[in-house]
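There are two complexes below, and they share subunit A, which is joined by subunit B in the first and by subunit C in the second.
Showing the complex of A and B:
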């Protein structure tokens, strides 16, 4: 499976767990276009932190490579990184690539 | 959105600038900023305030109170989060999250939280970065019935009976006054004890505190308590001023002050020190130092002062004082168990909390 697909699947698994913590009417759709944070986002602070923590955990478990989404670099572009599920997938891809190439 | 980090030195400059205070929403009051700059446990380059700006507008802020905690024979620096606010109209743009992680990163994950709103606790839980300490269990002792306040708060439609409630309060207060008089005589407080009042901690008290604070997690000494007493965040004022209307957290109260009470036994031996915090009709014991055997005496001294200062409620968090209050049969209408929550980041997971004592004023509680 290509890295992009692996990241997408991992994020869908994250959403499965995240949705368990949320009321049914606030469930997030497993779609790369789903807005997360920012203007059209649906996650409040606690929801966004749950997403960050679950994503860090699942990336380590399922992709075998821990990443950090709480550093100053990520925080300084939080609305771009967490705009949609797709933008988060792109950012994780970037971080994994950076790790791979040192 | 831009996050600006203000160190103590930056805040000192901000106090001199005019621009910093022009924003529609204030990220801090001048009174609080002055206090932050005087914190004896803060260094010039310690970050103490994070402010989120969007289009030159303040959309969020988080204060950090540098402090030290003591365990395993060493002191450890940390920052207590205080005054954490995000503009509710942008609740989903991650501002609160940025502020929290910025604070954690800046203080190398050495952060403490005292109290906090339900929303804030939800966020702390979600981050999985914090451990909850055993809550500090205290007691609210209500001396005044305060029918007017109680009834009108519950049933606002009963406003037309306000005068009736006030009359009832006056009569009930007289009953309390009689009971207080009899309680004081029964306990012969003024025969058994003498008091000395201080607005700052003197040398004798400083030495006394040092003899008694070895199990305290924060070991607040003379300089620390002087800072609390002389640099409050809340000002006594008859009404809200312009700044307080632009700042989310408390900054003025009708009555607000600290009082240091040195308690002496008949033989002139100093047996205790209480740092009392009076806010409107409520008095709390922020810090209490004494030997365990004197707990009933010190508890009686606290009750005596609550009655003398005519407050409605006395709040105690010292475990020994709370236990002693039951035996005092004080002239109150009711007592209620209360608690205060403290959280520390997981960097402090190895604290032997069984050996550490928290005071009611720890974290940022001494300032409210």
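Showing the complex of A and C:
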């Protein structure tokens, strides 16, 4: 499976967990276009915290490489990184690539 | 099960939003509707009983704190300052007084025990030493908390350590704490929500009462009809044999806590009973089972027959079978019977049984502990019934004695339990806590009696409740509750006779009973509709003037 697909699948698993905390009508769709944080985002602050922590955990567990989503670099562009599921996937891809190439 | 939502006030010194999420959106019964009190203010919240969240008398409250935030002496200990344990425990007592302060504002309150993050292992050697060990002190605090709160009937301490263990290495997550003031991972909150729901189920009378088990490859290894009892895998120096023995021990321990055991198995009855009686490693004996159906018929049909014999509804039962096809069949035909997914490997049987969350009881009465013996004496009654020629003769032979008592502290626990879990012969199906029931019965215009029923075969214990409320020279029978264990022996008529006798003595003109229908209490409606002497029926209301007494059945000895 290509890295992009692995990241998407991992994020879908994160959504499965997040959705357990939400009413059925507010479940986040497994779609890269799903808005997360920011203007049209669906997550409140507690939801965003859960998303960050679960994504870090699952990246380490499922992709075998820990990443950090609470550093200054990420926090300074939080609305862009967490705008949609797709933007988050792109950012994780970037972090993993940076790790791989030192 | 009912579709009602139960309001749940959340009081905490940390962010309980994730707990609230699981509690509210998990599909399992009962459905909870969380109401968050002010975040981070547990003490003011417990002091202010006039606050809006306490005013509507919520169904339950979860009051979950960290030890250092409500016990300042423990906070000092965390900084390794020297504080006598005595001072710490005094603060625990003061905190318990605060909890007692809100016990009247909710029906039930759950207080998770205190824990320390498992990563806090520095100075581990000193951890269990008296006065200086943090874990030692925390254990004392939890014991004190449990002992103090045991005196308050509607507050229950829950074991947080179990949730932490189940959540594993990631139970505490510093990241969640620093980002959101959430000390635990979601796994902990998921476990907590499930335990709170299970406890509430028990309070509401929905605890399961009966485990129906298969035999072959379930309580022993192998098919007895094929290999003979001598060659079954059970006990001995064999890993699976040991697991089957442990599984039987676990079942027996459930029986000792008042859960009934029964067998439904596709087998030759003689071969199966011989195995139970003869195998030297059998832990369970025939006397441990309240009934069995060992034959080649459909298991779902056998379960229905067995439940009818035991006078229990399908919602009381759990069915355990190693065979997925049999489980699927029972699940499909009896959706109200709980059929847990069962592991393929018998080494996991004991743990799977002991982790089921469907047997929660708020208290343990004498009746619970003797339940199996009571059902066995029921078998003797049935045998007697077969040997006599009429119902009247059978009732006469039973020599039934009904002992009537007013509600008082010694019978309150069992009476509340009966009120909350009786479904069939229950006129109004009110669910109340001990404190609520006592407060209700203490009003001057209300009377509540409990009935203990015994006969020549044994004591069925406190099995009936009847209550009256008098207004405008009319007496309403509010509660008319009889355990299914003693139905059909004219105890029902005895209760009416007694209620009408007391109403007469109180000078009322009319007695009436208002039937409140539920999905399960039609037997009560049928009884009032058909009882002789007749009541006048107006819809769901049954009325009787009290010029003439309601006769006490001949065969009953009534002791008041």
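Keep this in mind: the second predicted complex is superposed on the first by the 102 of 102 C-alpha atoms of A that agree within 3 Å, B and C clash if a C-alpha of one lies under 4 Å from a C-alpha of the other, contacts with A are read in each partner's own complex, and residues count from 1 in each chain.
We take it that contacts are C-beta pairs under 8 Å (C-beta built on N, C-alpha and C of every residue); 3 or more make two chains touch, one makes a residue touch a chain.
In this text the structure is predicted, and so the values were computed from the model without any measurement.
> Once subunit A from each complex is brought into register, does subunit C clash with subunit B or fit beside it?
On the shared subunit A, the partners clash.
> Let me test your reading of the model: by the given contact rule, A:78 touches which partner, first (subunit B), second (subunit C), both or neither?
First partner only, subunit B.
> Is A:22 in contact with subunit B, with subunit C, with both, or with neither (first, second, both, neither)?
second
> Per the contact definition in the header, classify A:60: touching subunit B only (first), subunit C only (second), both, or neither.
neither
> First (subunit B), second (subunit C), both or neither: which does A:43 touch?
Once the two structures are laid over each other on A, A:43 reaches subunit B alone.
> Quick one: subunit B or subunit C, who's touching more of subunit A?
B
> Where does A:94 make contact in the superposed view: on subunit B (first), on subunit C (second), on both, or on neither?
neither
> After the overlay on chain A, which stretch of subunit C ends up in the same space as subunit B: 25-33, 61-69 or 421-429?
It is 61-69.
> Which residues form the common part of the subunit A surface touched by subunit B and by subunit C?
Dual-contact residues (subunit A): 45-46, 49-50, 52-53, 70.
> Inside the complex, what are the residues of subunit C that reach subunit A?
15, 17-18, 21-22, 24-26, 170, 173, 175-176, 179-180, 182, 186, 190
> Show me the residue ranges of subunit B that touch subunit A in the complex, using the header's touch definition.
Within the complex, subunit B touches subunit A at residues 1, 3, 86, 91-98, 100-102, 104-105, 119, 122-123, 125-128.
> Within the complex, which stretch of subunit A touches subunit C?
Per the stated touch rule, the residues are 17, 20-24, 45-46, 49-50, 52-54, 56-57, 70.
> Under the definition above, what is the set of subunit A residues touching subunit B in their complex?
Checking each residue of subunit A against subunit B gives 37-39, 41-50, 52-53, 70-72, 75-76, 78-79, 82.
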